[in-house]
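As written, the chain order gives the labels A, B, C, D and E, with residue 1 at the start of each chain.
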């Protein structure tokens, strides 16, 4: 959880809007910008270097063709600043892009739309959910995406653009933004299926045996689900806003698609809530199983102790060394005593039977 | 639960609106379409094959008579596509029909209304609730229904259409849609009665004995009820919307009936919530019963141990082999000791009486 | 609880609005209709038979005098149908009257107002709350009431009409409806006082002793309170609607009285919630008392066992039959051993004192 | 709690608005009315008797000076009726004044404003919160206050009026009403401080010892806080309404003061919620402490039993009377056995050390 | 917690708006006022004494330059009164400034805006959160800040004003107020990081060992987080109001910054809720670990007791002193008995193995 709480404060001495405040930075030279430009007829894909001038960047902005500019690592503050200048982005928005701890949100500015969402991936070996902020800037003809680190889930969209499959090449930048967001949210389902598998495995394990390891796993899963929930709930508002709100930049035709995206978001929330309920129920099961087990242990102890303690007492009596103990002299004393013990033992067993302990 | 979490993601590489993405498909040739056409005077029932042309389908659409077209299995993507073309259905709606994991919802398009709800049936032998998505497309004179698999609860409506009982033959397609939805929701009550019977049986069992089997049953029922709850809550909004919202396609006269349907939905929700409260209360009962039982076990152990341990100690004393132990020589030593033991035992019993443990 | 879950579905094969679907019926001939007609000057009370014509019933409707028509048993479907025809009641409303499982609600139709509420009475011997639906139809000059079974709480209103006490004879049918509803809701307080008495008795009992019987009583009371709560919450909306909503049939002067009724409803809800909190708190008390008691039992066991087990061990040592055990030969061996045992016992007692177990 | 549930129903046979229904009454002759009349220049304070005529009362109403009329005991139904007639109060309002079980609320009538709130005082010896309804009628120049029983918290306001301190003498009747309400709500803080002291004392006690007495105190405090909460929440709406709502009778200048009063109300709610959280947390602490204690008790028992039971068994073996037991003949048998016992005991102690039980 | 409940009531006998009511006061002479005046070109910093006249103070108010006036200790009622007079502040606002127990809130008056928020700092040695109220009065060109005690988190803002870094020197008083609030809320993150560190440390400790000390720490942290939560939630409304509400005094350009501040506030709330969930989960862990541990203790006891009690009983039998006990005479009696004991012990061990207790 630790990594999820750090670096929230801007840091002493930095003014609002200064990009160098919270993150360690890396030089822009190491990280080219990925640019895809397309229209229904043709498509160009290239990588541009930090030496590109602001005017060259502005050409993409003013171009009729749809352009998707992707930065793989927001620690390249040089790039963020250059893009910010080229596209006239407000410094606070740039700060939100760089300091990647934002709640999912959208903000409409004069001539662009800012959207920040989380890209979730499931880190299989370590069994936790990895969250990375992806920021979108949507202008009339461009979509700018900023990721926290290289590696994304957008490859199928790139493929669809390249092959011209579906309607993506014929539609505007708003449809491109939709396609990318759709891919992100579709990936949420994959993460949830994996978490769901873990939950179901554990659920079956709990029916046969309970131990500390299961409890730890349960708490771990509960935390992952709570973390997921926190990422997903604000998404509802963010996407709902894109769909309902009259954002100038989202066309009527694309708006239907955002409606579909909103439905998916609601479904994600439903699924997360379902998982949460399931894990809560499992914690209840765990506790009542624990109670059952304790009860069983106690019963074994009580049965054994309750049968043998009185018998041992009787043996103790005839183990006393008094000189005058008439029974000791009886020929059948020993066998009478043994029989008495047997009768007491049987009586106890019958009593426990009646109590349904046996 | 497993089957309820799978197949939520669209799958990599498929564009939004493509029907072949998430489901395995079956050829349309295996599955005829059921068509019932009626007006107050006459009724025709037939099955049409996949070879039917789009123009023939459009005749139903443009006909004055009311037509109900039913597809029994949405995996027949061929049919869905053909109907989609004939009735000008938006690709995203077709995708929602085919990928039958939708939340109950309605969507009003230019000239038709899309409604997706769950048909619930209770799988008696396996004791779980079976949910199947039924999608409705409602146009001016047609109702199209798409089911996930053959077998439905609509037979009484078919019967009413055939016999002309009630007002169904005299009213429009909106009343037909209402009748089908009403039948679906009426069936919810049957499912709940069955679940309710299980809950009550278990409730009585819990009063006499508690064991692990009951706990498992309890958790199973709780899950079924939570699952039901998730299906039912969004229905409230969906149906409420049909009743209040000024849907162009639902006439004023039929709107009263949708109001009645809305009342039923609220009642379903109330009943589900009542069952949920009952099951939660039973879990509390279970835990407090477990505590009671443990207490009783402990008391038995404590009473037996507390009475006999001191007595055994006394017997132990006179079992010691010291050469000089004056009491051992006394003639009445044995009987005095026995009496002492009796007095101690009686004292203990009185003490437990006063503590109300006996 | 059983009787509260049954008969919710309309039953297969019945069209919406058909009265004979869900209830067993009784012939109208067995059940006369009670009719009270009054104006400030005079009052007539009579019982009319099923042979009365629809025209005769309509006279009441068109009369200037205020008329209260009461049907004691809605299973007399003949009467419901006849009244429905005479007063032009919508078939769905008639269905709601006959199938007496409605949520409290009101519905404004063109020229009448339909109100369905629950009449609660406390079944003292069996200790549960009995709920009966009372449906009101309020027209300009008539109040029609439909009960589920004979026996009601309206006698004081009849008395007030007969004696002309209060302003009831001078006011319209809306005031009559208010008076009846007021009487119903006033009766809720009586039911709650009785439940409250049970709760308080139990609360005192729990302070002195806890056993399974108390737990069952607690769960029984909790269910009754939850049942009450479910009846009462929708009332808030129903009555609030009558008070705020501009219902054409409720005059401005009477509206103040409905405001007062609304306040009473809120107070009923507050009281029910108070009882619920109290019962929840008692369940907590029960569980913590159980924990306390278990703790006490354990302590007794531990003290006795911990004192005597070491002593018995010492006695066991000197009970061994080794030939060479020097202490056994000592003259004072026995008394030294006894003293040692005493010292150990006292040390244990001091230890428990310090631990505050004694 | 008992006294808080009684007398909620109006009682059979009484019409709405009749004052003699729910309360036992006392004759008005025993209880004079306290009247304070003031303007910036002068102040008169007197007590008037039940013989005062309605016309004399109306003079106060029509006077330009501000008049505060206080009735100390609403069981003086004679006074309530007379005042009601003189000031034209609606019978339902009079009923609300007399039947002092109202939820805090305000009601605006044609020419006066009715406010009902609770005056809370802390009954120190019996440690419970005493609630008394105070009803306000606010007209253009008069404030009428009705208390349930003699004794109030208004003395400082009387003093401010007498001395002319603050702006009270220069402002209207709305400011007088504000001053009285402010005094009432300020007193809530005093009650809460006292409850808070009890809570904190208990909280400290719980850290050192837990027993049944503490549990009872905890539940008692929880109930008092819940009771307080129920009195305080509706106040929010009541006061908020006075502040925001455009009540004709509350001037713009005074409205700021009602805003301040509203802030205090919110603060009262915050404090009550804080206390509630604290008490809930303490119940959790209690239960986990109980668990800790049980664990400790069990550990002591287990350690003692586990060490001595095996040793006693060994002693038992050599206490057997078999004729042929070679060890008994050994010279060192006794010492070897004692050493063996010591080794076993030490082994056990080491085992418990490793388990961190010692 | 104690210090957080005290001094909420205004105190008997004080009129609303009187500053000397709730706090002990200190003379203004001991506490100079810190004044910073700046415009884009120059900056003056000075301290002024209580001898400053009201006219001199009003010069700051009417000046074009931006002035920040800071009072370090609101117990200097002399200063508060003088400033109140110079800037025409409403007496109730002054009371809110002096009685520093306000909920975070803002109030817009005719020509100034009042904002009260909490400055939180983490008292590291005593491990609790220190809260201090900071009140802001924002006029066209001045920001007045009132602190409860010397020492604040505003130093970086002073530094930015002095160095002219960022846009602070070029913007108005609204931007200055924003910068100060931003610094305050940024500090919340630091407090939360520290609390978060404690929570994580404890979380790790709980995995290896649980004892009373951990429980106390857990409850302490829970309280601190609840306290934090209570400070943070009303902030949402307060800041949201500044951002959305059309406050005349906040310019359009600065409004964007308040939007950013609002986002941070939401993030603070998210983080606090996350911590709360985590601590709640840890309490669950604690309780289930406790159950696990108890189970383990019980198992050890049961295993030892169940193995040795029957063996001891057998030894007891052959320790009896009956004259006629044939086994005692057998040559191999002793060894047969020992073998029998061994077999019983092994049987028990196998039984526990099968039960998975070993």
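Operating definition for what follows: a contact is a pair of C-beta atoms (placed from the backbone, for glycine too) under 8 Å apart; a residue touches a chain by one contact, two chains touch by 3 or more.
For clarity, every value in this text was computed on a predicted model and none was experimentally measured.
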Copy-to-copy rotation (chain C on chain E, CA atoms, range 0 to 180, rounded to a multiple of 5 degrees) logged as 145
Averaging only over C-alpha atoms, locate the centres of chain A and chain D and give their separation in whole Å. 43
Centroid spacing, where centroids are CA-atom means, of chain A and chain B in whole angstrom: 27
Residue ranges of chain B touching at least 2 other chains are 287, 291, 294, 298, 301, 305, 309, 312, 316, 319-321, 325
Given which chains touch which, is the overall layout a line, a ring, a star, complete, or other? ring
In the complex formed with chain A, which residues of chain E make contact? 156, 159-160, 165-168, 178-179, 182, 186-187, 189-190, 192-193, 196, 200, 203, 207, 256-257, 259-260, 263, 266-267, 270-271, 273-274, 277-278, 281, 284-285, 287-289, 291-292, 294-295, 298-299, 301-302, 305-306, 309-310, 312-313, 316-317, 319-325, 356-357
In the complex, chain A residues that touch chain E: 1-2, 4-6, 8-10, 12-18, 90, 92, 95-96, 101-103, 105, 107, 209, 211-212, 215-216, 219, 222-223, 226, 230, 283, 286-287, 290-291, 293-294, 297-298, 300-301, 304-305, 308-309, 311-312, 315-316, 318-321, 325, 327-334, 337-338
